[in-house]
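Chain naming follows the written order as A, B, C and D, and within any one chain the residues start at number 1.
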């Protein structure tokens, strides 16, 4: 800060020169600068978040009714739609965006406190000057100088960690769906120098890497609240680097993710064939519900479990159900029950609900 | 969850038995329970935060004009008042409380999604049932089931880390002020088994220890956003323990801190004598401002620095100033300039501002 | 500590009573106890690590030559063997174990320093008593009392984080291999209350959850080195809880992982069919190497890439290669090149190397 | 990596051109480069650690018998010597150095595995080539390619975090000793732009700031063990940045700390006057021990506590002891007991022990 002040004094010159930096301390300059830089960076980050949300919204709308396997603990559970998966990404993104927007609009602040936060060198006009200064740099005016009250910096760190983590979640889903054996989505491009056939999910990979680095920087900000007296001996001085890093890598994660989503190739046919690959097991819950009405819940559960186990011998699940006389299921019943495309629950209505909510959130 | 469901079915019996847990998955039960437990715990945590804020407010009011040394990088800088220090604690506490209150009022949510978040077993009435369930447990209804959208849990972790960190900052100030050489505050009690004369800042120490543990748990929550598909294989299962720990240790930190603040013994006379111990050096900034009008800013800064260095030889700062003929300062001028109690800047007005803000924040 | 000392004094009675806790401070008792507890816990953790290593070694040996797809960025890359994958787990486990063993054998220490680490109440015999005490509790004797030198605790935290992270890596591989679409391994058991057909990788999931919690606790230990003067005000007091947690959850992760590995069902046929599912693309690198000798490296790379892209139209990779006249490849050449089972590189020799190394490491 | 390989091929040309990068993958190049960069950086870091250790050793030797207050929970406890404090820093530094040296000498490794770690493109000579390559770059040869076994990177992160934390502990002690009210040490330089009289502990402050940033980077390395299959999708890609940061900021912390220690001004007179400032209370433990022989331990403890409390009324501790008839202490006894300079326990012998150990550690 010192060389900057000297340079500025030289340029100002004359009578006004002695008012340059008057009543301010280096931290006033650094913190205000950090807030201005943050505001500009948040606009970029929020812009990237909007891109991600828009891409998720478009995927949700386009694939509202595209059936795919819902997977829990990475196992097929019951059918869902790719639209609902994308709607889940959308809601997570907009949830994460909300806090960041709030910080952008009222969580930043000008900093002016002088040597120890009393506005000592500004006579009796200190608070008025603080307010004028805040207005001049167009930042909210803080209640008090905040030299060692770092709640706003820590909350910013937390919000960036959440945004980066949300981006990482979407990216992980892409990576998992792009696996050779799953192959339900692909990123455009993504070649390999040694293996010309590969199509790596490069954007999602970069998003995950950037999100990790953002999280590391954010942890420094969240861990720096404990600052001594009226200016810290170390914790404050570490903030600038960590804040820059958290902003840059969160932005990087979102940009990479947005690119991946915008070009995402979705293979609905493969989603369908993966869904069918287990011969109806993905609808086993529906069979159990159907049988529960007849046999009671526990017996139904056990019977379906036994039929599922019999598929290990090569029998289809359909056959296993039909050949168990205790179940008394007809072919028509079984075929209806095992059709995954009619067992989507409220998936489509939930997509509509998420899209409606996102539109309202954007306008609100 | 399974034994609980079995027990409940047994108790319900009859026709209704088959509707117990129908359409729900274990995670629905666990997440909703976690939110209910969190709500109850947040009320305790917010209550402790109120205690801390109240105690800080009372100290700020009582010591609005009690002069003490403002310290930057742990060195005397310029005078401040103990009231302004306590007001700083108050503002930090209320800043940290704001996000937690927001989460308490609209950041929690009921969880109901069924096997993979499609409400598969609930037919066409899924969303309506989700809304009724949320109303029944008196939690906000989520846009979508949030089995792998953990933004609310991560934000809760972040908010608890901020509250714990803010508590730790206040506690650190108490520890520093209670040092044998500073002795400006003391906690009641605090004996030692081996050294009967000691008065340890036990509450502040416990607050800092608890805050560290809270931060460790919160980092697990903030690091758990990346969850796979429709249910995670590990990250979700770690949340319960981390959430309990973050809530408990944040509460513990606040309770210990509140105890320390409520009984805090403030030694205004010692604050004054510490302020005077450097023979006026703590007002050196004012002397430099005074001289700047006569000698220009850089020359004034250098002259004061030189006078300060001469104190190393045993000369008082007052003498050093008076005996430098270039400065042309009279005894009256020097004595006025070096009186720390008249160089408080806007400290008292800032205390009023913080108290006003806190009162509005509480009613708002 | 105080009630313990009182109780002990009562039991000892007589002349000896006044020597109970003489010259010791509470931290001496707590730290020595923590080291004794740690030693016992490390024996359990090391035992679980041995179980994991043994299970990995057996899998490596049994599947030394079982071909499977090697996957980079979760895409098929080139063939490997399941034995080499398990050997990689083995080497990682034994790498992680090495530091923990070292800490177990010489990284712990007795603690005895008295009030401020000078052995003040022990007259001129302090150091001799420190040595006798260390011998009595059978712990290494430290160079100095280590009340605020927490390197050994932080290194323990780091080593536990590494072990937990290594366990988590193996567990993640199991989760990924157990996916419905991959299905190359399965854990025994692992049913679901709502979906009777599911076989969740429960042990691996629990291992990953426990490892996350271990990491959270370890981060507290690693972050607690900065301690004040001769006894800290907060950082030390947080250690006990974090150390217990780090030990318990690391042990939990290893136990869950060992269970998963010991019962792991490996489906070599499925590994083979997954390897074949891409019609030889997994051996594309070998084709590129073969062509490079004829066409030069870049041209070969481009040609193989083009052939790979043509498979998107339904053509097999084999056909695509055979029908490109520029390549001049015969059927015999192509069939030989595309056989994944003959493109294992040094996989089997590497398994032998890892097993040999592990055996030496165990005896050494 | 790709442009680098192209450039290199161009330069090599001719027959040899096709062997450039043959059988290697990008990660082989990056990881080996990271290890070579790390080795060079570790030499700098270890050099800075040696500087710190040397400076601590010199302070320990020079102030072996300089009495000062031992402080626990930041309260005067019993006397120690500044030499023992510095010896504690020395032992902590050399403890932290040990693991880093071990990693420098045998914890790094060459990386060569090819596409998926099987050395697929190197025919039957893969392992031999791996060994030759490791010898060529003069790095230890790994048991297996370690594309997703990141134990060595995580351990490096942990070791750097420990070194940075140890540096931060010493720096904190300096900051605390340099406080205006304590003033037992001062760093040379350290002026302030607004307050010409200040002497900030700038080196220690910078060391603490750098150590925090090092810790943030290290946490990314420690959290990146969970990597997928034969190459990770994100965790590996984040390592380079985090590793560079951890090395650079650990080095920065040590360099700043070394500078602070090498120029440290130690004020033995001030140490003595601080020790005396409590009128003998710092030797209260000795009085309690003396009385315990006559009154029993509990009664002695209570009596000393009562005398200590009476000092709050303005009475000196000496007077309080002499005027309590139950104690039966003579003036000679009290004066002897209260002399802090004769109550140093084994402080001086412990300094010798630490210096001896450090010398052996250096030569060993």
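As a convention for this text, a contact is a pair of C-beta atoms (placed from the backbone, for glycine too) under 8 Å apart; a residue touches a chain by one contact, two chains touch by 3 or more.
Bear in mind the structure is a predicted one, so any value in this text is a computation, not a measurement.
Novice: Quick check: superposing subunit A onto subunit B on C-alpha atoms, how many degrees is the rotation, to the nearest 5?
Specialist: 180
Novice: In terms of CA centroid distance, which chain is the most far removed from subunit A?
Specialist: Following the centroid criterion, the farthest chain would be D.
Novice: How many angstrom lie between the CA centroids of subunit C and subunit D, rounded to a whole number?
Specialist: The mean C-alpha positions of subunit C and subunit D differ by 26 Å.
Novice: Counting only residues that touch at least two other chains, what does the list for subunit A look like?
Specialist: 25, 71-74, 77-78, 114-115, 121, 168, 175-176, 194-195, 201, 205, 208, 211, 215, 219, 223-224, 233, 285
Novice: In their shared complex, at which residues does subunit A touch subunit D?
Specialist: Residues in contact with subunit D: 1-2, 5, 21, 25-26, 114-115, 121, 168, 171, 175, 193-195, 201, 204-213, 215-217, 219-220, 223-224, 233-238, 241-242.
Novice: Could you please specify the touching residues of subunit D with respect to subunit B in the complex?
Specialist: 69, 71-78, 175-176, 178-182, 191-202, 205, 223, 274, 277-278, 281, 284-285, 288, 301-302, 304-305, 308, 317
Novice: For the complex, which residues does subunit D have touching subunit C?
Specialist: Interface residues on the subunit D side: 9, 17-18, 25, 70-74, 77-80, 84-85, 87-88, 91-92, 95-96, 99, 114-124, 126-127, 143-152, 154-155, 158-159, 161-162, 165-166, 168-169, 172-173, 176, 208, 211, 215, 218-219, 222-233, 285-286, 289, 292-293, 296-297, 343-347, 349-350, 353-354, 357.
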